[in-house]
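Right, I'll just put the structure down here and ask away after.
Chain nomenclature is as follows: A, B, C, D, E and F, assigned in order of appearance, with residue numbering initiated at 1 for each chain independently.
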Amino acid sequence: MKEAIEKAKVLIESLPYLHEFSGKTFVIKYGGSALEYEEAKKNVILDIIFMKKMGINPILVHGGGKKITEIMKKMGKESEFVNGFRVTDKETMDIVEMVLGGSINKELVSLINFHGGKAVGITGKDGHCIKAKKHILKLGTGKNKKNTDIGFVGEITNVDTTLFNILSQNGFIPVISSIGYGDNGETYNLNADTAAGTIANALKATKLILLTDVDGIYDKKRELIPSLKKDTISKLIGNKTIVEGMIPKVDACIKALNGGVEKTHIINAGLTHAILLEIFTSKGIGTEVII
Amino acid sequence: MKEAIEKAKVLIESLPYLHEFSGKTFVIKYGGSALEYEEAKKNVILDIIFMKKMGINPILVHGGGKKITEIMKKMGKESEFVNGFRVTDKETMDIVEMVLGGSINKELVSLINFHGGKAVGITGKDGHCIKAKKHILKLGTGKNKKNTDIGFVGEITNVDTTLFNILSQNGFIPVISSIGYGDNGETYNLNADTAAGTIANALKATKLILLTDVDGIYDKKRELIPSLKKDTISKLIGNKTIVEGMIPKVDACIKALNGGVEKTHIINAGLTHAILLEIFTSKGIGTEVII
Amino acid sequence: MKEAIEKAKVLIESLPYLHEFSGKTFVIKYGGSALEYEEAKKNVILDIIFMKKMGINPILVHGGGKKITEIMKKMGKESEFVNGFRVTDKETMDIVEMVLGGSINKELVSLINFHGGKAVGITGKDGHCIKAKKHILKLGTGKNKKNTDIGFVGEITNVDTTLFNILSQNGFIPVISSIGYGDNGETYNLNADTAAGTIANALKATKLILLTDVDGIYDKKRELIPSLKKDTISKLIGNKTIVEGMIPKVDACIKALNGGVEKTHIINAGLTHAILLEIFTSKGIGTEVII
Amino acid sequence: MKEAIEKAKVLIESLPYLHEFSGKTFVIKYGGSALEYEEAKKNVILDIIFMKKMGINPILVHGGGKKITEIMKKMGKESEFVNGFRVTDKETMDIVEMVLGGSINKELVSLINFHGGKAVGITGKDGHCIKAKKHILKLGTGKNKKNTDIGFVGEITNVDTTLFNILSQNGFIPVISSIGYGDNGETYNLNADTAAGTIANALKATKLILLTDVDGIYDKKRELIPSLKKDTISKLIGNKTIVEGMIPKVDACIKALNGGVEKTHIINAGLTHAILLEIFTSKGIGTEVII
Amino acid sequence: MKEAIEKAKVLIESLPYLHEFSGKTFVIKYGGSALEYEEAKKNVILDIIFMKKMGINPILVHGGGKKITEIMKKMGKESEFVNGFRVTDKETMDIVEMVLGGSINKELVSLINFHGGKAVGITGKDGHCIKAKKHILKLGTGKNKKNTDIGFVGEITNVDTTLFNILSQNGFIPVISSIGYGDNGETYNLNADTAAGTIANALKATKLILLTDVDGIYDKKRELIPSLKKDTISKLIGNKTIVEGMIPKVDACIKALNGGVEKTHIINAGLTHAILLEIFTSKGIGTEVII
Amino acid sequence: MKEAIEKAKVLIESLPYLHEFSGKTFVIKYGGSALEYEEAKKNVILDIIFMKKMGINPILVHGGGKKITEIMKKMGKESEFVNGFRVTDKETMDIVEMVLGGSINKELVSLINFHGGKAVGITGKDGHCIKAKKHILKLGTGKNKKNTDIGFVGEITNVDTTLFNILSQNGFIPVISSIGYGDNGETYNLNADTAAGTIANALKATKLILLTDVDGIYDKKRELIPSLKKDTISKLIGNKTIVEGMIPKVDACIKALNGGVEKTHIINAGLTHAILLEIFTSKGIGTEVII
């Protein structure tokens, strides 16, 4: 009985956060290696369902790097990367779309629905919701700088939120693959972090949450930085405190903050109930990037 | 951190109950001595606000015996009871209405609103929602049985749920004083347990919860009965297991069950977060009266 | 038959006023001694029901000075006034709330409903609709001026019209006790004239009608002033033409006019069908205060 | 002032009738000689506008016998009647439609709008609302009985209330010419009394009011019959108490009553404010035909 | 089969135009001699029904010169014109209204409904939708210029689109006679071209289409001008390229364009499916007048 | 010009069909070899967009046999069939889902959106819209009959139309992969013909259209049967007139007809604008299966 009372107290403690976030939109990016571990995945899914039940509107955006590489390999195709971007010829794009839209997306939808939520999985092509154009990579420096075509890698030019809103308002959790459509009917492979940030802006979201497989951003002494102002980031990139895969993440955070998102969070999906902790505790976990 | 994770787990554990009860109506009777203790009162109020936030529609019905007696005394008027009913002349009715509608009702409203809910307090006269007629007491037995007029004590003849529904659907928690109006503009003092049961029927509520100051119904060995079928109750009254003030409570439960309410509960308001425990644990506390 | 035809003509004569006021909001303050006489009260109530039926949205605001003093006396408590304000300690506030919210409010609701309207009675605490803070009285002049604490006498800091509008739009006549809530859950006693004026502003009402027990404002020769521009009032107060209890009334009128109310009226509730006469005749009765 | 108070009393006296009839539909047939007198016409129009303002939905149906004959004459065409029906060849039908739909209808619309109402005039062809077929007249008796073709005289086979309801719900008063459309695009001349009754049925109207130029139905002693049960009517026709033009009127009443209309009234349009008197007095005027 | 496939191709070819015009409002003026030919009339009607089915909102405005003259003659009244305007005394106005509102209007309604559309015919008096005042004709030049009263010839002072929109949104095609109401309840005869243009402005229509009995505007060499900028028109009137009845048409076009209508068209109603051709082919027919 | 008029006539000829089918739901199954040819695919897509524009609600259901086999091959996995069913182990199911939901579905969505429609692609897992259970194959005959487990091949147990309706009502064309979810979160491979039939029933569709790569059902003389009563089908299967892949198609038709679908059609997707021809011509093409 005593234990039960303690549990009831925990529920009651969540009330101020419910008041604060009810009716707000949270865009959550979930992908890459964060998708690997079953137990963590289940916890992420439960957190998202709980948020929806609480009156928050979660929007899930996902990528899926590892699985794409894996399926390509099975189909006898080598993956090639330039500057972190997957070189994406037509055949690769077909596989990317198949894996993201038909495999990872549906697995997430399935998990949400199995645990009592109601998810609908779409890509940026459905309802023409994410428009993109070819992303031209500029390689080299100075005079040697030149444009490099890496295929169907895209950057978003427009987000139409109609479909997201219709789904959200009808009780569904939208699960969105980071894929866009082009002017000529072609398909683009999008960076999922960037897509999540752009969608957060278009939806005037309150929070952008990037789930990853590290605990957040570390300083030079390998200590976690709990809070980071966006204007200090360029310096941290300059001095190599922030490197590699973390760069598109902080970029997404900065763009989202510039576009009106209130707070952005980089947190470890592997930490049990990481999202709820970030939302329903005052201290939070991971690194928050703020204005 | 570990503690925080435990808390998140508790939130997640409530999900199945949220699924089950979302959109349902719960009528909660709160009154009498259960209103005395400040700490308990706060916990009851927090539980009700939490339920509302979860998508449940709580309807609070209250009486207020002790405070009425107290104010009457201050105004130089003695309280008189016949068979548990307060003899209610016109002057007493005015005081009853003033205390229920202007004091206890507004205190509950104030507490709910202060803790973040949105309550609106009404009596059965507002919006002509509870119609009543004089309750004629039959005293004596056999040939000596005769009708006794105990003044403005009423029994409900009709409940119009329009106002309750408008308030609920607009995010408010209705707080209802157990007072009714009569055909000729007169006012009736109603038993709050019975009123709660009748309102639960009219609203096709899922649960009727009677908060009191004992843990539930006890058997002859003074052990709490966790679950009771309604058809066994007349025997328990017959053999004096159920006596006095508990009789109108079990009557209210039986009527509610007959009218379509799924489950009724008699629980101790003094037990911390008693309502949440009853709803969000499989075992429950107190005594449930079922079909 | 002839008489019946004359009656029909009267109905038809009201058409232009119906056209003019249909869909508009009128805030009516009713209180103090104007509440004493049964016959007058019935007429006021019938006028308000008729207005509602005509498509006007009446909002009734009431105080209740005399009855408060009377009940306090019965409970062995003396009333004390400073500069026209009732000194309101916690115990007094409890009685004020009980009398306004539980007695006068419900009597008005009862009368409206009995005569065929649909009223819902609330105080400024319900739905957190009237927020207030302590009103600090400045007594003395010049150097001797000092702040005096007269207890829970409040001034309005915010009016949330959500609940008023929901009730009005659903066919109910809101009846509002002049009570507010404070930041810390405390309750404030408000001047009903001022409350009515502030509510009229918040609702962007077309008219503010203050019912009182005199025929309006008199000039020095004891003749009724039918129409008064708001800018001439400070002079009339200066030369003692307007004194005592009439001052908060004209203040309420001026504030209402400044806030966008089109016309304000001070009329005698004792005059049979005073409100209808004011609305449905071109000449009107009482004193109108205009821009 | 005293007079003004008397007027206010009259308004208040109408309250019970407003309660009773608010939201109800009244079908009013206005036509024939009742249309001749300007002053009476204005009073009828004002009564109808007042009803609309009160929340009643009046539907005006009109014919126009005299004016049709008049215009036909001007156009050099003689009117011919068989058994009270106008023989209606194609050319006559064109004139009937022109006079009803373009002249009388628009005059009524104009009057309503000029006096502050909002009317929309249509015929049974607009929105395909009144479908009709050729009415075959059976002349002669016994063996000599034979079908006679009197042209485009129609009987209603269906009423589609969609357009009437859209107009009513948007604040308009529908004014309907007694004209119907046929299966092959042809137009039919309808008896306006019968059309009003059929429309009343289709709309599940509360009242059918037939305005005429006599005070109601008279008995053999030339005394007005205030109330008539529908089952007694065939006897009154049999003994020639009810004759000629009154026969289609009582027929319309009987059909309306059989179809669910609560009460039907035959009243004199020339009596000042006849409709209001019928509605807002308990005694009424004219003859009511009831179940 | 091959022919069927060709037909399907035609349907598919209309898709881009459907995308472009869906939800847009087109005001079509139809009248005068264009109303004479049965086959053409049917084609016009079918085109309008098709447009409605496609999601376009057609609004039909009509006059009816020839028929008015004809009926007047039958009624023994000579038609008289000054500067192209019909001198309209009260008696003439009555006939104009009867012919437009009761004859031509209902014929168009009948045709639309017979072929599967849903039309409702009104004049500018219904729902008080077209307000007008007397049009004063200025005759003579220089010193001899003087105002001439030609009776109830009106110019529009206001268009209330409420009724048009209610009808359109409920699936009906409004058919409007070019008649207006005046401040004193009088009726005005309006030029139908001008009325159509003013209605197009009030409705923020996309297109104004004037159906006539010539193919469009011809240049001096008697060749059709396919497209005309509005600013070149005054020159064409100056040099007598545009004369007589075409002048009010181009005036209506200019006013409509100035008021925000995107394109205006003058086309020959006699040309089979002229409206569809104008809308669903890139080249169009007739003369378009553009900004 | 003449050609343009002919085209307009074609548009007008479609009016009666538009009247008949406006607001109705058509379920179209598109898949298998019918998906192979680019030109045919484009025509199918244009037909569907045109239907949507006309006010019909098309719902597209697809399978994708050939492409699944092809991708499995690329991934080094052999396809195995028993009685026409693909043996579907977990690994195969993953590939099926990826190909249907991520490749074919998105290609159809892309084509519709590129040509001006608005499609949203989902599988039966999204929004938990298609529930299924394992389909047990009964092989052998008589005593040797035994259940055979062919893996994740499913049969539908429930269709929830909520998501389909939300998408349709918001202007989208739902494109549905023939995949279902099971009670334990597993995924099932469904026969697309059967799925289309079951969805048609659940939606109370007017038509079920099965697009295939033959012209319809042939009789023994290899002549196309234009119309087939459902009760004659079992005989045709018995005498081997209907064989192999056509059997699940006629089964789907029969079930749909039994469930209330009005008409079912088996037509050749390769025939230009086959769907429009079937809908907008009286004769139709292919084979219709009717009650």
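Here is the rule we use: a residue touches a chain if its C-beta (ideal position, glycine included) is under 8 Å from a C-beta of that chain, and two chains touch if they have at least 3 such contacts.
These numbers were taken from a predicted model, which means no experiment stands behind them.
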Fewest hops from chain B to chain E - one hop per pair of touching chains: 3
A-B, D-E or C-D - pair sharing over half of the A-F contact pairs: D-E
Relative to chain B, chain with the most remote C-alpha centre: E
Chain whose average C-alpha position is farthest from chain A's own: D
Length of the line joining the C-alpha centres of chain B and chain F, rounded to whole Å: 57
Cα-centroid distance, chain E relative to chain F, in whole angstrom: 48
Arrangement of touching chains [line / ring / star / complete / other]: ring
Ordered ring members, chain A first, chain F second: A, F, E, D, C, B
Chain A-touching residues of chain B, taken from the complex the two chains share: 1, 4-5, 7-16, 18-19, 22, 43, 46-47, 49-50, 53-55, 115-116, 271-273, 276-277, 280-281, 285
Chain B-touching residues of chain C, taken from the complex the two chains share: 71, 74-76, 94, 97-103, 105-106, 109-111, 113-114, 118-123, 125-128, 162-163, 166-167, 170, 172, 179, 181, 185, 187
